[in-house]
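The following pair of complexes shares a single chain, chain A, combined with chain B in the former and chain C in the latter.
What follows is the complex of A and B.
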C-alpha cells in the first residue's frame, strides 16, 4: 500500500526553474507515466521522488510521511535507469542481490529471493554472467529484477526502454505491463514517447517546461486534451491545429479554417457553446481521423485538393489543401492515389476541439 | 571490402617498421649495456672496443652486497680452498670480504634499496588514495571555484622542483625531517598528489554517475557506494596512476640527494656515490642499477593490462 503525493514542489537549477508548483497524488498500485519532451522536468521530478535530487520548496509524501529530507537509501524506493546501470564488475546474481545485501539479509534468504525474481523475469540461466555479456533486453530484465527484489514501496523507471531498438522496445513494453499487473506496485514511469505512455499508464501526467499540463487516463488526455500542448503532444499522427473563425450560415454554423474561402459545416449549437468567444482568438484542433473524406460530392463536404500522401501500411495520411492551410486526414490505404487529386472533405464535429489561441486552453466544447 | 595495398603503402609500412626498430634500439641499448656490464668480469668492463662475448659471472652482485678491502698479501691457500664460491670470487679480484665473526659485513646497498621501497610504496599509497578521494569530490560534487582549485593543484608542478630544494632543505632541517623516511614520504606524496588528482579526475569523470545513484537508491550510503561501486570501477585508473606515482618516487634523485645522507638515503643517490675517487668498479655500479630497475619493471608488468586500458580510457567518449 503506497501512496505518493507531491505538494507544491519547486525546483531550480541556478536561475532556471525546472519544476513549477507541482501537485500530484498517486494512489496505491497505480501506474503513472510522466510524459513530456526532454527538459520538461519529468526526470527531475522522478529523481526528486527517489531522493537523488533535492527540492527547493514543497513536500514529497510517501504514505503520508514527508520524505523530502530523507536520503535516497531511507525512502525504500527502487529505480530503473535508462542506462540500466548494472554494476559492471558484478555478476547478474550479485547485481540482483546487491540491494538485499544492504538490508543485511541472511545468505539463504538472499539466494532464495534472487532466484525467485530471476524466475519471474525468466533470467535464471543468466545469473552467472557479467552484464557486459547480456543483450539489451536481458540487461533491462536484470535492472528490473534488481529493483523488484527488495519489494520496494514504489518503482521508479526513467525511460527504461529508451535505449532499446524498436522491436525490443515493444516486447519489453508488454513485459513491463504484464509484470505490473502480476506484481502490482505503485510505479512512476518517465518517457518522452507518447505511445509508450498511452499503452502503459493508468494515468498520464503531461509536463511542459516544468509545468504540469494535464493528468488523466490515456483516453482522457487523448480525447479531451486540456490545452494545445497536450493536444499536439499526444497522438500520432499529430492533431491538426489551425486558426479558425466561426460564422452563422443559414441553419448551421460554419467553421472557416485559416483563410479558406468556405467553411466546414458544424451544428448550430456550436455557436452557443462557444458563448461568443471571439473568432480572432480561436484555434480548431482535429485529429486526422476526424477529417472525413470521400470521392464524390455530398452535402456538407467541401471540395479540396490532395497534396502529399504518406502510406503507413494499415492506413494512409493525406495532406489536404484548405486555403493556405494543410489538414492531414487519415484514410484507408490506397484511398487517394497521389497528389493533385480532387476529393471532398468534412470535419467530424464530435471529434473537433476548440482552443483559446492566446492561453492555449481548451474551451471544452463537446458536440 | 578487401584492402589491396599499393606498392607505395607497402614501402611506407616497411619504413615504419625500420623506424620502430631504430627507436627500439636507441631505447634498449643503454639497458643492454648496463645489464651486460653487471655480469662482466671487472677487467672486461672498460675495454675499448667493448667486449661483447664473455663468460658471465655473478661477482659484481657479490661485491655489491658486501664490504670489502684490498688484499695486501696473497690469500692463504687453505683459507681459499675452504671459502664458498662467492668469497673465492672476491679473493680472485685481489680483495677480501670484511667479516664480523664468521658472517660477512653487508654493504649499505640493501639498506638503501629497502629505503627506496619503503618510501616509494608509502608515498604512492598516500598520493593515490588521497588523489582518488579528491578527484571523486571534484568529479561528483559542485565545488566552489572548482576550476581555480584544480589549476592551483596543478600549479605546484609548474616550477622545476629543484628550484625549491634549498629552502625545502632548510625547512626540513628546522623541523628535523631531513634524512628521515617520513620526510621523503611527505615530499614525494605532495609532489605526486597534483598528478594523481588530475589523472584520477579524468578516470572518475568517465564512470557514469548512475552507478552510484543506483547504489544510493538500492539502500547504500554514499561512502558505501564509493567503496563498493566506484572503487572497483576505478581500478584501472588507480593502477595507472599508481604506476606513474611509483616510478616518479622510485626514480627521484635530486631531493633524495639533498635531503638524505645515510639513514633514509634511497638507492638513486647511493649508487652514483660509489663512483667515488680512485678506481671505480663499474661492474658493481651496473649490478646495483640492474637490481634497481627490477621493482619498477615487475610492478609495471603486473599492472600491464590495466595500464593499456588506462592509457586509452580517458580518450574514449561514450
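What follows is the complex of A and C.
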C-alpha cells in the first residue's frame, strides 16, 4: 500500500556530491535492493528516505505526498540498522515494545503485538533477555521485530546482515525473504553484497559514485548490464572484460581479444549490429560461463593454454591465456587438471556483451 | 640530547645494568606512596579513633584519661549538634540538588555541535578550578547589601542575604551551586556523549517524541555517571567547610564541619571532636553506601 518515489534528489556533503540527480519509483510491496560499493551513496539515499538525512534538492514522495521536509518520526517508516541499534538497557520485549509504547498504545494491545511478532521471528523465548546476551542473528531478529511491530508504511534495511558471519548471513537472508513474502511490505534494502541483492530483490538499483547506474530485476541486471560498472559489479566470478576488435572474415565476424593472433568466431550479424563501433573503442564482456571449452579441436574453437585453476567445489574457474589477456572460464570441476594444458575455447555469442570503452555504456548487442 | 634521554630510558642500559628487575622498579614507585599514606593518613586515622575515647585536649599539658563512649553519648544527646546536622542536611539537599539540575541542564545544552564549543565548555569549567576561599570572598562582595550587584538586581536594598539568618544558608548553597555545577556538567557531558548516536536515530525512526526519548533512552543511559557525580558532590557538600566559613558567620550556616572545627581548634576539645569526626565519617559512609548500592543496580540494567 506504499509507493515511494524519488525525484531529482541531490545531496552534498560539503563540496562532495554524494547523490546525483536520483530518480526512482518504488511500487507497493516491492523489495528493492540498493546495491553498490561503500561510499556510493546508497546508505545516504536510504537515510534520506528515512528522514535521518536532509536532501539538498529534489522531492521524496511517500504515497504521493512530499515528505522531504518531514521529520523521521512523521514519515511512518521503519528501519533496521547495520549496527542493530537495540536499546542496551531494555529487554528484548521492551525493545520490540518501544515503538508501540512511544505511541502510547494500550498495554494489552502492546503485549499482543509484541508476542505475535516474536512468534513470527521465533524469538519468543528470548523476550526477557538483554540485547547483550544475544547472538548476532538473534539481535538482528529483534531489530527486525522492532521494525515490524508497528506495521510501518515501509521497511528500510541498511546492510542488516552485514555484521553477521557467512553461514548466519545465508540463514538470515532466507529468513528476510520468507518474511517479506509473508508480511509483504514495501522494502528498501541496502547492501554491497551482490549475492544478497540477487537473491532478495524484486528489483536491484545499482549505484556508483552517487549516480544511479541501472534499475532492473536481478535477471535483467545480470544478463543485460547497462554499462561496464554494472557488468563487473554484478556476478561472481566477475565478468571478463577485454579490449576487442571486430573484423570481417569470410562468412563470419571475428572478435579479436586484445593482442591475440586470432579472433573468436561470431555470427556475421554482429557487424551490422555494432553499427560502426567495430574497432578502437570496443570492449567485450563475457561471463565465465559464456566461455566454452573442450579438449579436442572443433570448428570455431581456438587453441588456448590454461593458466591457474581455482576449484570452487561445484565448478572450477580456469584462466585461459588469450594473447596477453586472461579469459576466465567456468568448467565442470576437474575438467582441467592444472596449468599448462592445451584446450580449445570459444565464446558463446548469445552471452557476449559489447561496451563502448569511452562511455562504458552497453551497445545493447544481442545475438 | 634527545638521544641521550632515550638512552637512559632504554631498559638495556641503566636499570638493567644495576640489576633491577621489574619487581624492584615497581617497588621503587609504590613504597614511597604507601609509606606516605601510612604516615599521613592511616596512622592519624587510627590515632584519632583512640583520642575519641579520651578527654584529651591538645593545647593543655595535663594527663588525659580514658572515658569510653562518653564523648559519643554526649554528642548524640546534644541538641545543638543535631541542629548542625539538620543545617548540613538542608545544605546538602539544596546545593547538590541544584548542582545536579543545573549541571545536567547545561550539559544537555552543550551536547551538540556549535561554534567555539571547546572554549565555551572550558570557560564554564572555570568556577570549579577556583579556590573556595577566593570564591567565598568574591561572592561576599556580590552579596554585599550596600553595593553588591545581586541586591541591586533583585532590588533588595539593604537586606543582607548573607547576614539574614533565614537566607544565609541558601545564599551559601547558591555559591556552592555556582562553583560546582560545572563538575556535574563535565561528568554529564561525558555520559551524554557516550550515548551512541544511532540509538537516537533508532528512537526517531520508532516515532518516539523528544521527551520520550529523553526519559527512556538518554536518562537511563546517563544514570550511572550521574550517580557518580551525585556521590562525589554529596560527600563533598557534607563536609563543606571553607565556603560557608568564609561567607557567613550566621549560626544558621554552622555546618557540621564548621562545628567540628570550632570544637577541635577553638575549644580544643580534641577527644570530643575526634568522636564527632567519626560520627560524620560513619554518616558519609552510610550515605555513600546507599548510593553505591543504587549505582550498581543502575549499572546492572
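Here is the rule we go by: the second predicted complex is superposed on the first by the 366 of 367 C-alpha atoms of A that agree within 3 Å, B and C clash if a C-alpha of one lies under 4 Å from a C-alpha of the other, contacts with A are read in each partner's own complex, and residues count from 1 in each chain.
By our rule, a contact is a pair of C-beta atoms (placed from the backbone, for glycine too) under 8 Å apart; a residue touches a chain by one contact, two chains touch by 3 or more.
Not measured: the values here are computed from a predicted model.
With the two structures aligned on chain A, chain B clashes with chain C. When the shared chain is aligned, no partner comes close enough to touch A:216: not chain B, not chain C. Looking at the shared chain after the overlay, A:290 reaches neither chain B nor chain C. In the superposition on chain A, A:73 contacts both chain B and chain C. Applying the stated contact rule after C-alpha superposition, one finds that A:160 touches neither chain B nor chain C. The single stretch of chain C with clashing C-alpha atoms against chain B, selected from 9-17, 27-35 or 153-161, is 27-35. When both complexes are aligned on chain A by C-alpha atoms, chain A residues 50-52, 71-73, 77-79, 81, 83, 85, 87-89, 98-99, 102-103, 146, 150 touch chain B in the first and chain C in the second. Listing the residues of chain A that touch chain C in their complex gives 50-52, 71-74, 76-79, 81, 83, 85-89, 98-99, 101-103, 146, 150.
By the touch criterion stated above, chain C contacts chain A in their complex at residues 196, 198-199, 201-209, 212, 216-217, 220-221, 301. Across the interface of their complex, chain B is touched by residues 50-52, 71-73, 77-79, 81, 83, 85, 87-89, 98-99, 102-103, 146, 150, 156 of chain A. Contacts from chain B toward chain A in the complex involve residues 208, 210-211, 213-221, 224, 229, 232-233.
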